[in-house]
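Below, each structure is written out as structure tokens.
In what comes next, subunit A is part of two complexes: it sits with subunit B in the first one and with subunit C in the second one.
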Partner chain A sequence: MQILTKNWDKIDPFHIDTYARSGGYEALRKVIREMTPESVVKEIKISGLQGRGGAGCPTALKWESAAKTKAQDKYFICNLDESEPGVYKDRTIAEKSPHQIIEGMIIGAYAIGAKKGFIYINGHYEKSAEILTVAIKQALEKEFLGKGIMGSSFDFEIEIFRGSGAYICGEETALINTIEGKRGEPRLKPPYPVNSGLFGKPTVVNNTETLVNIPFIISRGAKIFSGIGMKNSPGTKLFLLEGAVKSKGIFEAPLGTSVQELIYNSIYGGGLEEGKEFWFAQIGGASGRLMTAGNLDQLLVYGPAEYPLGCGSILVVDKSMDLKDFLVSWSGFFHRESCGKCVPCREGTFRLHEIAKRIRNNDLLPDDQERLEDILWTLGNTTFCPLGNFAATAWKDAIRIFGDKIFKAA
Partner chain B sequence: MSIQKILIQYEPVPENVLRAVKDVNRHNGYLSENDCEEIAKYFSWPLARIYSLASFFDEIRIKKDRKIIIKVCSGGPCLMEKSQAVTRQIEMLLKLEAENDGSPKYKLELMSCKGLCDRGPIVMIGDQIFEKVNPENIDDIIKDYL
Partner chain C sequence: MQIKINNKSYDCNPDETILSVCKKNGIRVPTLCTHPDLLPSEGACRMCLVETNQAKCLVSSCTTKVCEGLEVITESEKTNKARTINLELLWADHAGKCAKCKRNGNCELQRLAKEFNIDEFRFVPRRGEPALPDEIDLIKDNWSHVVVDEENPSISRDSEYCIECRRCVKVCRDIQTVEAYGFNHRSSKSNVGTPYEKPLDCIFCGQCSMVCPTAAITEKDDTEKLEQALADPKKMVIAQTAPSTRFTFSEEFGQNPGTFWEKQLVATLKELGCDKVFDTVLGADLTIMEEANELIERIKKGGPFPMFTSCCPSWVLYIEKYYPEFIPNLSTCKSPQQMLSSLIKTYYAEKEKFDPENIVNLSIMPCTSKKYEAQRKEMDASGQKDTDIVLTVRELARLVRERKILPSYLKEKKYDPALGISTGAGVLFAASGGVMEAALRTAVERITGQELAKLDFEIVRGEAGIRCAGIDIDGLNLKVAVVHEIRNAKKILEEIKQGKSEYHFVEVMACPNGCIGGGGQPLPADQEIRNARIKGVLSRDKGMSLRKSHDNPVIKKLYKEFLEKPGSEKAEKLLHTKYTNRKK
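Right after this comes the complex of A and B.
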């Protein structure tokens, strides 16, 4: 079943007509002509769609809260910041099917009553920004955007906002702060953005991949959508296969597909590259857990799961690699990207990176193992936002599984 | 372009602050204290707020770069494509050490993911991005650039 990738390489991203010919903007027409905002929210609720950015929060929950909050101005934001190492799905969606994002946004804005939207694009994604700028212009010309959309009384405009290269800005409140011209530091929740977000107004922030599901749910019906994948985690997901697999790239698969199948099935990864032996896989980017051969049968779903699928990347690491390089890679990344707002994260990631470098250089200090445990606990339990916990996740797994190797070599 | 010419393109509303800051940074290569003051005046914001915004982002420089900055992606997928070997090759070629500011002319840093994982390893020199870099072609890339 193709929902997310059905238009890929079949339509011309620079021409709205090719999208319209393949059924594009039909869902919007249905929404405008036949549905009330309440019934749109209800439909999404029935579909069970969960946010694809990583946390898996039910999309309808955000929409419903924002719709219920009374305010003159509301905002609808599409999160295309994506800076998790190993993840480029949203960039690819924007480059291959930009109108699907815009259609999803307009429907969302209609449901919550927003008149203005932003697409928050990663500062490095030049091509995505270029394509989406053209797409917005064409949607305006066709009256899918602007004043009185398709002859109704519903107005909605979309502005593109470019980030400036900071991982933390993918977090919704940090993202909102940047649009307001503030440092990209996360805010204390509550209040949640759906009640008080951009400029203090109700704001929905949805991941790009979440939004491209919306046209399908509306035109084909929530029941069909909820029948795909797993009962508590319906729909399909873009999985990114990287590292030592034979075919790398983005694959659409139903939620609830096992890691084993994604790596070894010939329609996905097709097994490991010639002469390489599986060591472990990291699920969900630098903040993801490590999965060893014995656990590959785990199903990737949203909701409570032992191995959270995050944004869907699967990095396959073979035995020729050196774990120490990964330790430095993870700690270096979070040390650079910690926003500095809270001390446990700012200092914790700094010290973690120092220890990582000592591990790599084989000059561990006598107390480092103890310090490391202390730092990882602090990062996991005391930081202001989840970034600290992210920084500790892969490390904790690495120590649990390969601890002897890490400390013995010292 | 003078800073006023850049600023005049932006309506002085909060969502334009970062846009203006980035634009000035792009034209001048960095934001001087004077630039920050001009921007603050234009948006009627305190200088401290402009400076705190500008100093937050990696891409925005608050000092003039006197060195050529080379960055290698340190993300997992690039690592799997041997970005480590690229880093080592650059270290040898330019006789410096990554993440150590000892060299007078160059600076070699590790950088975070640029979302180009299907074309790695990724190397950035100045503002220019190079894809599918390997230890064999990095010498030519650097020589061409310099």
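Right after this comes the complex of A and C.
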């Protein structure tokens, strides 16, 4: 089943006509001609679509709250600030099917009553920004954007906002802060953005991958969508296979596919590279948990799960790798990307990285193990936003599974 | 609404935070980033974490609002663990130089470290001198960004002591609207600083030093200058004390806020070795004479209105930097400190036949900005720098403690009478609304020619940020306003710009509640403490026999012997000043 990738390599991202010819903007036409904002929200609600950014919050919940909050101005933001290490699904969507994002945004804006939208693009994504700029211009020319969209009274414009490549700015309130010209730091919630977001107005922030589902749900119907994947986690998902797996890259698979299948099925990863032996897999980027061979039958779904699928990346690690390099890489990433607002994250990620370097260099100080446990505990339990928890997740698993290897001087 | 804290029920309002309910009921929850003047809190320090029945994880009590059925545990193994680890992390990021620190004994971080038994570095210290040679490599790696800013006359900054609580950022942005501070860099390198780490460019009000929990932001220390002057046998050190200092100096020595310690203050200064101690309140009385005269002149001439008071150097600098179009509205009167200083080096020196070059004018102020004011180029009416050394109350107290002087054991002393007689009107300068009230006492009597039946102008007293009143003077409806904190002054300025208000006379003080909330006052300070100080001020005014500036016998003598009359040529030269457009 192809929802997200159906246009990939079939259309020319620089030409709106090629997207239109493959059924593009039909969903928007249907929405404008036949549907009320309420019925759009209802349709998305029935579809059961969940946010693809990582947390898996039901999309309709955000739209409904924003639609219900009364305000003159509302904003609709597409989050393309993808910055999880090794994850490039949103970038690929933007480069291969940009109008699918724009169409999803226009429908979302229509549903909540927003007149202005932003695509928040990771500062490193030059090509995505270029393609989307052209796409917006073409959509304007075709009157899919601008004043009186497709002859209706609905106005909507999209502005591209370039982030500066900070990981924390993928968090929706930090993202909003930076559009306002403030420091990229998460805000206190509540109030939630859907009630008081950008410039204090109701704002929906949706992940790019979430939005490209919208045209499909509208054209084919929520029922068909909800029949794909799992009952509580419908639809398909882009999975990124990387590391020691034979075929690497982005694969679209229904939610509820097991890690085993993704790694070993020939239509996905096709097993491990020649001569390599599976050690563990990390699910969902640097903030993801580590999965060992015995747990590969776990199904990847949104909602409560032992192994949250996050942004959908699966890093396959084989036994030739050195765990110490991973420790330094994880802690280095979160240390660099902590915003510095709260004590446990600002100081804790620094200390974590400090100890990681000592582990790598085999010069652990006495009591480092105890210190490490305390740092991971405070990161996991006391930080202002979830970044602290993310920094601790993989480490906790690594210590639980491979504790001896870490602390025994090699 | 009721919630349970530590298994006991407490009343609360639905929009309160857990921390505020705890505080109201005397349940202590440690915090470093929350300050009562700067609510709501941002939840950055993670010290106030508590357990609740609403969430599996710990929540920060400063940001979490109460809700129906809420049960809170403020002390548990888990909260204790969280606070200890986070404090240990902070401690290793802190200077660790308590013994020689200005805030030793009055530092919020030190107090918590003591409470949680943190007496050694559990993590490799990121700041401070390496103790052992083999530590150097470790520390080199950990060295964090240290900014020391010594390029301004009022405020010392040393980021080695900073714990990134952001209170200074908040007070400067939200209360004073100056936004001199921000947060620079990110992750473990993040640091409170100025844009591009340039020297501090602000109005020097020092409110940042009032809210700083550690010694990262403090008053510029000028005690050494005083020690040098005291040690020089050729120099004659003449001290003056600001109106508010007699109500706050006592706090530094364990007295309750608002305790009146005038004679102890004089005795302390004499004990330190000051040759004469005069009273800035006399300067305040003189300011009133000149300012009331200026107001009456403006009424006669029809403007420019409103006339703004000019005793607060931060306010004056704010106008010069941000609203220079209002410079003609500022009263040309110098502040009481500068008036008295120039008189000491002219009138008093002539009279006593002292060489003004050998006089060192020392002023004890509630204010960091007075240090800046003393350095202004035009403050040289006596032919040299009028005020030589300005010490804040905190610096004086520190010096007194270093010298092992115990003020409460000293024999009480009075001001030297030559320039040491004062009135209740001048004393009122200590609090917001005081200049207005003192000016009205003189101006109304001067305009009507009749004695006021009631001296108290309650209408201009109080806590509100902007207080307006219309005073009827023989048919003239004098519209006045009293404003404190720059955010409120900015509101008034904008209103005036839009033609929405028609005041004749506006008093502005940059600090909360005026000088008793000044940037050089004892720590800690919050609304409750400032209210107690105000109470002390008002009751002192009430108890004085002389309560109007123009009744002050020394003032009468000064005009008779030296200044002729308010606004005379001599008065213009010595007691008035001009301002500069400093907008960038």
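The rule is short, and it goes like this: the second predicted complex is superposed on the first by the 409 of 410 C-alpha atoms of A that agree within 3 Å, B and C clash if a C-alpha of one lies under 4 Å from a C-alpha of the other, contacts with A are read in each partner's own complex, and residues count from 1 in each chain.
Keep this in mind: contacts are C-beta pairs under 8 Å (C-beta built on N, C-alpha and C of every residue); 3 or more make two chains touch, one makes a residue touch a chain.
Every value quoted in this text rests on a predicted model; they were computed, and no experiment measured them.
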| item | value |
| --- | --- |
| Partner chain(s) touched by A:A20 [first = subunit B, second = subunit C, both, neither] | neither |
| Partner chain(s) touched by A:G249 [first = subunit B, second = subunit C, both, neither] | first |
| First, second, both or neither for A:E84, with subunit B first and subunit C second | first |
| Partner chain in contact with A:L188 - subunit B first, subunit C second, else both or neither | second |
| Broader residue contact with subunit A after superposition on the shared chain, subunit B or subunit C | B |
| Partner chain(s) touched by A:E337 [first = subunit B, second = subunit C, both, neither] | both |
| Touched partner set for A:A71, first subunit B, second subunit C, both or neither | neither |
| Touching partner for A:G348 - first (subunit B), second (subunit C), both, neither | second |
| A:W377 touches, of subunit B and subunit C: first, second, both or neither? | second |
| First, second, both or neither for A:A166, with subunit B first and subunit C second | both |
| Where subunit A meets both subunit C and subunit B, residue numbers | 166, 183, 336-337, 339 |
| For the subunit B and subunit A complex, residues of the former touching the latter | 14-19, 22, 43, 45, 49, 52-53, 56-60, 74-77, 79-80, 84, 110-118, 129 |
| Interface residues, subunit A side, partner subunit B - complex | 82-88, 91, 118, 122-125, 159, 161-162, 164-167, 178-185, 199, 240, 242-244, 248-249, 282, 285-286, 315, 317, 321, 325-326, 328-329, 332-333, 336-337, 339 |
| Subunit A residues within the subunit C interface of the complex | 166, 183, 188, 335-344, 346-351, 354, 371, 374-375, 377-378, 381-384 |
| Contact footprint of subunit A on subunit C as seen in their complex | 42-47, 49, 57-58, 60, 63, 78, 81-82, 85-86, 88-90, 92-93, 122-124, 126, 141-142, 163-164, 182-183, 185-190 |
